[in-house]
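One structure is given below, encoded as structure tokens.
Each chain gets a letter, A, B and C, in the order it is written, and its residues are counted from 1.
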Amino acid sequence: MPSLCPTPPRWLAFSLLAAGLAALPFLVDAGLGRSWVRLLDLALLYAILALGLNIVVGYAGLLDLGYVAFYALGAYVYAWLSSPHFGLHLPFWAVLPLGASLAALFGVLLGAPTLRLRGDYLAIVTLGFGEIIRIFLNNLNAPVNITNGPQGINLIDPVRLGSFDLSQPHELLGYTFTSIHLTYYLFLLFTLGVIFISMRLEDSRIGRAWVAIREDEVAAAATGINTRNLKLLAFAMGATFGGLAGGLFASFQGFISPESFNLMESIMILCMIVLGGMGHIPGVIFGAVVLTLLPEALRYTGDWQRELFGRIYIDPADLRMLLFGLALVAVMLYRPAGLLPSTRRRREFADAQE
Amino acid sequence: MDIFLQQLINGLVLGSVYALVALGYTMVYGILELINFAHGEITMMGAMVALAVIGALALAAPGLPGVLVLGAGLAVAIPVCVALGLLIERVAYRPLRHAPRLAPLITAIGVSIILQNIAMLIWGKQYIPFPAILPQARHTVYGASITNVQIAILLLATGIMLTLILVVRKTRLGRAMRATAQSRQVASLMGVDVNRVIAATFAIGSALAAVAGVMVSAYYGLAHYYMGFLLGLKAFSAAVLGGIGNLAGAMLGGLLLGLIESFGAGYIGDLTGGFLGSNYQDVFAFFVLITVLVFRPSGLLGVRGGERA
Amino acid sequence: MNALLTVSGVSKAFGGLQALSGISLQVHAGEIFGLIGPNGAGKTTLFNALTGLYSIDCGEIRLNGQPIEGRKPHQVLHTGLARTFQNIRLFAEMTALENVLVGRHARTRSGVVGAVLRLPATRREEADSRERAHALLQRVGIAQHAHRLARNLPYGDQRRLEIARALATEPVLLALDEPAAGMNPAERAALREMLLQLQADGLTLLLIEHDVKLIMGLCTRLAVLDYGLKIAEGTPDAVCRDPKVIAAYLGDEAI
């Protein structure tokens, strides 16, 4: 089928995208400042989380409000095995998969009792699991100190690959790569990996089975899908990505505490995927980036107030969550299917070209 | 025995507050199949507004009897909450009735963030004490103590719930609500003004939330802009525990959750041989909730969804 | 004649309502077996019991000699019994092609690793599934809609798509719950042709239908249910003349 408008060749588009992503932290550093590069790192982390939850909620249609538990597990596994807390300092490449696997195991364990539940009942049970895990993290400092309670675990090892220490600045070709720049590339690598896996799964036997369960569970079972196994698989895959993000988060922050893993965090990640466009990978990533950056961007409301009124009436730190809430409502009212909904047209078109 | 009785009293008082809030969740869910996530924040708003009025009155007219002051607080808080509930329904939920299922959940979350932050901007981040306007008399019954406030909460909550049951069972509005919950389409074909019924549901739920908010702040002696979140969460759990969409279920679920919490806090140490302390009381509550739902997926009194085919 | 499906003494009650009482029947390989009866007679309940959606209270169901009662729906499907639904249950947000591809799920095996790495076996399997799915869409006559979302298809085409999805699971017995409901006469004629063609290809069909003309002209044998009881079984002609059947359809006064 001849294309209607001339599009640049794929390799050119890819190289441009790659160059753009590679240059992004430097552009942001120069244009907006170092703190925004840090936010960029966080946005990538949230993209991984959102893509993980997207498998559970977006594909399989299982409303999971306790997703942050897997994020927490990944982070704590990393902290236990790579900090002075237990005196263990296992290497990054060994700890990260361990955390992700443990999270996957818990995904299955916590998913199993919920299989018979539908919709909002599932939501409240997963929410309960998330809270239970957080409460345990908060209190397991006695009789044996496992989690160090509300104080959390400190001095977590940064990422080291051989002698290459990600927490130190490195010089290359006259450019200085600081720790947050290097973290950006590391997180980008993982994000691209997760995107790749999501894309491949979406267009596969497994992905279609998930969507079938979301669309009509009874018909899916009657069409030969083992709904129990596939739901558990969705929980496990989502949890794996959550655990992965948790490990990355622990190494990035160097410090974790149960406060980082509260219910609001689960809700935020859910907002990212719904706001961006559920089940649609670009939408989910977009949602993650927007919702990570928006609260920070809203700090500028202090400057706007000064310009408009000559003085600051409301502390921008207090105002920004209010505006954030308004933004959530406004987006949903005007775009109920999300900012970048899956049009499916593109896919139909691609399929027709086979 | 006195500890048991004491936990029973505490649990019933707390539970009847949960039940009032849970009713708001369950009525809305019954009709719209929507988790009105902002309902906890309406409860918070009720507490805050009432406290503001009570505080102002206590300053302006120190001689007034406590009950009158409290009544004035309620008299302002209830209409404010009803107006808020109606506004939220009209602006954030009604336009999304035919949208994808999770869209109204997100607007609900947005609205609750908005309400929290408005409350924070108006009343600040600090805890607001409940003025000592009520006589703090304690009565001792078989070794357990119960305060006037607790007695008032129990009586008022019971009265309100009985009234609500009567309204739903006996009045035209109640019949219209039950019909709408069965099928919105059929109800509208039968001449029920569905929009009005939904608005009435939000109004009633919000009024209950206002009363519950005042009760909670009187019980604990303080209020806070963030109090609605946890309260709402627990009340929603209570509604689900009882079988969401079912009024009696919400009441039962609320009372049970209150009892579980208070007995859990009291006995969890003994039950686990001292391994888990009272800081695990929420784990206990969630654990019971999860166990009930795993064995009864539609809650205690919920209609068994059955195998759809 | 060998029995492909044997139902013996199957009962199912919902609370106090006895939806099926001691139903026994045999469907022979290669025939088109009709299941008729007034509304609420228990036809769809029997379908749900056969396909594992309902657990049965007592009785035995065998497909090809294997017991299938008490099995999960996907296990029943694996043994070769596929079905369609009275109130069409397609995967609305998936394309017609994808719906049929879901039908291939039970007969394919690639997992997460295969999908992510696109291993050669997975590629072959996927290509084969797509080829079969396209062929099935062609066969039921909706190839032109392959890339449209199922929910956007016209009603009759949705019914056909459901049949294609069921066929993709390579059944030995296909159970159709009112396939002609809501179809116009032309669509019915086409459906009839298609079902006969499927029979000619060696498939056994079990059919719930209200359209008496369709069922009389199509079925080798049929059974009549009324209030959860089987009141007659036999060739269309014999069943038509059965006084119990006439009574069930027209009321007792007709006798």
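Just a few scattered comments:
Assume a contact is a pair of C-beta atoms (placed from the backbone, for glycine too) under 8 Å apart; a residue touches a chain by one contact, two chains touch by 3 or more.
What you see is a predicted model, and the numbers here were worked out from it, not measured in a lab.
Of all chains, the one whose mean C-alpha position sits at the greatest distance from that of chain C is B.
Nearest to the overall CA centre, using the mean of each chain's CA atoms, is chain A. Rounded to whole angstrom, the centroid-to-centroid distance between chain B and chain C, based on C-alpha atoms, equals 48 Å. A separation of 33 Å divides the Cα centre of chain A from that of chain B.
Computed centre separation for the pair chain A/chain C is 43 angstrom, with centres defined by C-alpha atoms. For chain B, the set of residues touching two or more other chains reads 307, 309. Contact of a single residue of chain A with at least two other chains is seen at positions 218. Across the assembly, chain C contributes 53, 85 as residues in contact with two or more other chains. Note for the complex: chain C touches chain A at residues 51-53, 72-74, 77-78, 82-83, 85, 89-95, 97-98, 101-108, 110-112, 114-118, 122, 125-126, 129, 146-149, 165-166, 169. Only residues 29, 33, 35, 91-92, 95-96, 99-107, 109-114, 116-118, 120-121, 233, 236-237, 240, 244, 275-277, 279-280, 282-283, 286-287, 289-290, 293-294, 297-299, 305, 307-309 of chain B touch chain A when the two sit together in their complex.
Residue ranges on chain A touching chain C, taken from their complex, read 196-197, 200-201, 204-209, 211-212, 215-216, 218-227, 233, 237, 344, 347-349, 351-352.
Against chain B, in their complex, chain A makes its touches with residues 57, 63, 113-114, 116-121, 123-125, 127-129, 131-132, 135-136, 138-139, 143, 218, 263, 267, 270-271, 274-275, 278, 314, 318-319, 321-322, 324-329, 332-333, 336-337.
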